[in-house]
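Presented below are the structures under discussion, each in the form of structure tokens.
The same chain A turns up in both complexes below, where it pairs with chain B and then with chain C.
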Partner chain A sequence: MGVHEIKPGDVLLAVEDISLSFGAVRAISDVSFDIRKGEVRAIIGPNGAGKTSMLNCINGFYHPQQGTITYKGQKRSAMKPYEAAAQGIARTFQNVALFKGMSTLDNIMTGRNLKMKSNLLTSMIWWGKAEKEELEHRRFVEDIIDFLEIEAIRKTPVGRLPYGLQKRVELGRALAAEPELLLLDEPMAGMNLEEKEDMCRFILDVNDEFGTTICLIEHDMGVVMDISDRVMVLDYGGKIGDGVPEEVRTNQNVIDAYLGGGH
Partner chain B sequence: MFYREAGQFKSSYKEDQAVFPILQDRIGIAILLLVAFIGIPLFAGDYFVGAIMTPFLILALAAVGLNILTGYAGQISLGTGAFMAVGAFSAYKLATFSIALGGAEATLPLILTILLAGVVAALVGVMFGIPSLRIKGFYLAVATLAAQFFIEWLLVKVGWFTNYSPSGVITAPPLVVLGYEFHTPAEKYLFTLTFVVVMAMAAKNLVRSHIGRGWMAIRDMDIAAEIIGFRPLQTKLTAFAVSSFFCGVAGALWAFVHLGTVEPEAFGINRSFSILFMVIIGGMGSILGAFIGAAFITLLPIFLNNVPPMIGWNIGVDMVAHLEFMIFGVLIIFFLIVEPHGLARLWTIGKEKLRTWPFPY
Partner chain C sequence: MEDFVIEFMFFLEVLFSGLLTGTLYSLVALGFVLIFKASGVFNFAQGAMMLFAALSLVGFQEMLGVHWTVAFLLTVVVMILLAWCVEKFVLGKLVNQEPIILFMATIGITFFLDGFGQTLWGSDIKPLDIGLPTGSLDFGGIFVDQLELVAGATAGGLVLGLAIFFNKTKIGRALRAVADDHQAAMSVGISLRNIWIIVWSVAGLVGLVAGIMWGSKLGVQFSLSLLALKALPVLMLGGFTSIPGAIIGGLIIGAGEKLAEIYLGPFVGGAIENWFAYMLAMVFLLFRPQGLFGEKIIERV
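On to the complex of A and B.
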């Protein structure tokens, strides 16, 4: 891990000059930006701008052909998603990616998997070590369930939940990993006003109470301007703006991109 | 007495996490175990115990094994028969080795032989599970089908496995544990039952642990599972290993306890399919389902053979066979399309209804 301690305000993750293409499609071209510890960092941009691709690069799902990513002071070579998870990066997905056959509780419990150590044999015997570990993590997960106010759907298979609640459960699963960096891909898409307000509150609370650094993609400008510390704007894979919300709002390139993009 | 949770407040997560959180379920299971361990051996006839109950239990164990792989981890396998064969032949080879090395008295304890045979099956299962990292669904089914044929062929072809017996059929050693020989059908049944109950409990514990959640996560959405930290290869191979271990032990029991002979023909492709049908009819992703499915498939032919004549409807033997195929066919299609969680889910739904009966609101 990083040699020096990273304090709030220091750069947690730095992306330098990365480019990513799929055949002839250039999803990201020469983008540099950074995420500071403890901030809420937003990525915005019209459809197909490369936002999701950027998150996929950060958590090791895509490997950019060019450029470097430095996390906690260490330059990263191409890594597997589970390695990124082990280093404290958790995320949610644009299209909810829950485990449909499992209950809310079990889904959130899966978020704790990297912290659970009991092996095949002790798990088979259960009684003793494995049970103790399971209960310990169950307690942690119950706190998340309380925090997200989803006590009533604890045992419900997630496939039966409405979309808004599924997004909430997915946030819970990511939180269960106690991430240092939390990546949220359109956490409020498809929600009504009330659900959006709840989600905003959860995101800000996570950021405040646990000091979790958050990087989120969002299309709702009102929400973005409200809750983020800094905003980066992508368009056609390139960066066209970066700064505090006020700067971005008045940036001429950004205004043009959004007007041109039909937003 | 109503079937209710009400009034049974769970004061801790520990109680909530129990295998059978509801009192009535615990009583039910206790009665079931009493009947199985005491009632049946005492009161049932040799035919019922030896020719129905023992094979039913062994096949249920294999179905538990396949359910771990297919129902929980989502990896289809048509190689169950082959993994059972590996267990049976490994147990046989281990038994002959230890007799050759130390004479009949110094043989490897029988229980250890059977468990080690399971371990060998697990290793073979892992080997054939490696392609699962790259291939899924139909193609994986074909790959495991190849394993089925390859292993069967190997066991018939290579004389070493059968200690060069000319017929390819060999007699299993007697069942002796700590100097006591399990001889009568009832004794053999109890021997099997103990194995099956202990292993079913172990399976139940595994699937509610973080290991089981990993299997289900890979089954439901492998990409998301990897992104939250499950290693796909390791998770799938663990499922192959555990599943094949169960099938291997079942195979060893089938040869040593049920048949008393070890022969590859007992573990052909038909065996693989019938165990897959048990899982589908009983319920994917349910340990209880494996038992229900095994009971259904073992009992249906007996039912068809005995009940119609009893009510004076004489159907021929070939008609019974046709009926059997038709009923299985229809049920499998029904469960695949309508209720992938099988009879076990219908049972749970029934219980949920019962929980609110007679006042649904």
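On to the complex of A and C.
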């Protein structure tokens, strides 16, 4: 619809001079960066650097006071979260935001919400069609469950699952929307080594097999340097570094920020 | 032997009457469950909504002199409008706030509706007559109130419809998702706004139906608003999140209080009916705080 096809390597999302404050507190000041289609883009930085705020701006939870966000060639002002979702932006949360009373399967099914056509009225008039549609989506969701190797907990209410598995279910819910841009907020926080390796594998597989563009926040430097194509570094709401992992690793500002030498 | 048969028939009559009154409680409880299930808010205003709906229905009938079906449709429009206003002016401003804040807001809505309804339609007791059958039917010696039968059937139908709606449709799942986590629901593309308008409309409709039944029985008056209090023990028994629970809870409370009145009343001086439900709910809270069918409260520490 007027939006030209974006090829791998082209800019999918561009953030320009964004500033965000809460009252007198500046969460982000004048940050610009871009995410290219098909890449794994990492945002790193010490606690309180504005990483999560950045994701919240991208998917519409926060509306920055200054700056613009261009997604798929369209510049946009304030966007609501469900509109961002409708345009192919899915995400996970730092403190796992799942529907705790619902089963794994139902949680992931909610991710299909936007893909389902039948509404209240049509499903009342033509029940059979709505049921058939439900089944088709169910099949898709089962594929995701297989992919993430969580068959055994299909029917378990997610509130009962250990943290690592909850993170996996949350990834499943985001994948169910077949997103173009996937935002992951600390997908490996609180995991043991084995769980981290699994999660890395899933992220890379999603990126490889479906060509999904991924933007992730992570604290584990080993992981970040391993799986990312490019890394942006934030500190006190400002950008202090940006580039391929090797550049960032040797950037003096970044080293100072992490070792506390600069302050 | 003869005595025993008469005793037994009497018992059955009390039981049926209790069960059917119970479905009337269930109708009120149903409105609470809907909103609680879908937004995690305990809607204190459910009783006021019921009163407001009944007042509007009677008001339209009186003022316009139209058939009750027309008045019914007009009232449905009013309740949808009310749902829209609640979202627009109250809940919409309180996204991501603590449940207690939302609860306080519904208390505000209660007072507003009570006052507004009476300002619009007056505060006299009004008869509500939409041609529902009255009087009793004789089932081989057991007398059953016809109005209560209709109420029972209506409640059954509503529950069936709502259960299918909640468990089998996309909107139903979206409703449950919103109840669980606002942020996450928005991130998968659910519009909070639409969901809240839908659920408050449905709760308004259920309130209207409950208001018609109670209004036919007692007349439309301010005390209908207080019936909401009778729904509380029903909810504690059935669970705040279960639609079938609201029905079963209503049946247990209805039958329990009638039987207790007849058979235990004489030993403690009567008037058990007034407090039995609350007593039962309290005992229940001790042993099964989530109610019979409520979602188990899961907390990982």
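FYI, the second predicted complex is superposed on the first by the 251 of 263 C-alpha atoms of A that agree within 3 Å, B and C clash if a C-alpha of one lies under 4 Å from a C-alpha of the other, contacts with A are read in each partner's own complex, and residues count from 1 in each chain.
The rule is simple: a residue touches a chain if its C-beta (ideal position, glycine included) is under 8 Å from a C-beta of that chain, and two chains touch if they have at least 3 such contacts.
All figures in this text were calculated on a predicted structure; none of them were measured in a lab.
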### Task
Overlay done on chain A, so just call it for chain B and chain C: clash or fit.
clash
### Task
Based on the superposed arrangement, let me know which partner A:139 touches: chain B (first), chain C (second), both, or neither?
first
### Task
Once the structures are superposed on A, label A:157 by its partner contacts, choosing first (chain B), second (chain C), both or neither.
second
### Message
After the superposition on A, what does A:82 contact: first (chain B), second (chain C), both or neither?
### Response
both
### Task
For A:72, decide between first (touching chain B), second (touching chain C), both and neither.
neither
### First (chain B), second (chain C), both or neither touched by A:230
neither
### Query
Which holds for A:98: it touches chain B only (first), chain C only (second), both, or neither?
both
### Task
Return first, second, both or neither, reflecting whether A:36 touches chain B, chain C, both chains, or no partner chain.
neither
### Task
Of the listed stretches 7-15, 25-33, 223-231 or 349-357, mark the one in chain B with C-alpha atoms clashing against chain C.
223-231
### Query
Do chain B and chain C touch any of the same residues on chain A, and if so, which?
59, 61, 80-82, 85-86, 90-91, 93, 97-102, 106, 109-111, 113-114, 116, 118, 120, 123, 130-131, 134, 173-174, 177
### Query
Along chain B, where are the residues that touch chain A in the complex?
13-14, 17, 202-203, 205-206, 208-214, 216-217, 219-221, 223-231, 238, 242, 285
### Task
Report the residues of chain A in contact with chain B in the complex, numbered from low to high.
59, 61, 80-82, 84-86, 90-91, 93, 97-102, 106, 109-114, 116, 118, 120, 123-126, 130-131, 134-135, 137-139, 142, 173-174, 177
### Summary
Within their complex, chain A touches chain C through residues 59, 61, 80-82, 85-86, 90-91, 93, 97-102, 106, 109-111, 113-114, 116, 118-120, 123, 130-131, 134, 157, 159-160, 173-174, 177
### Summary
Per the touch rule above, chain C residues touching chain A in the complex are 165, 168-171, 173-174, 176-177, 179-181, 183-191, 198, 241, 295-296, 298-300
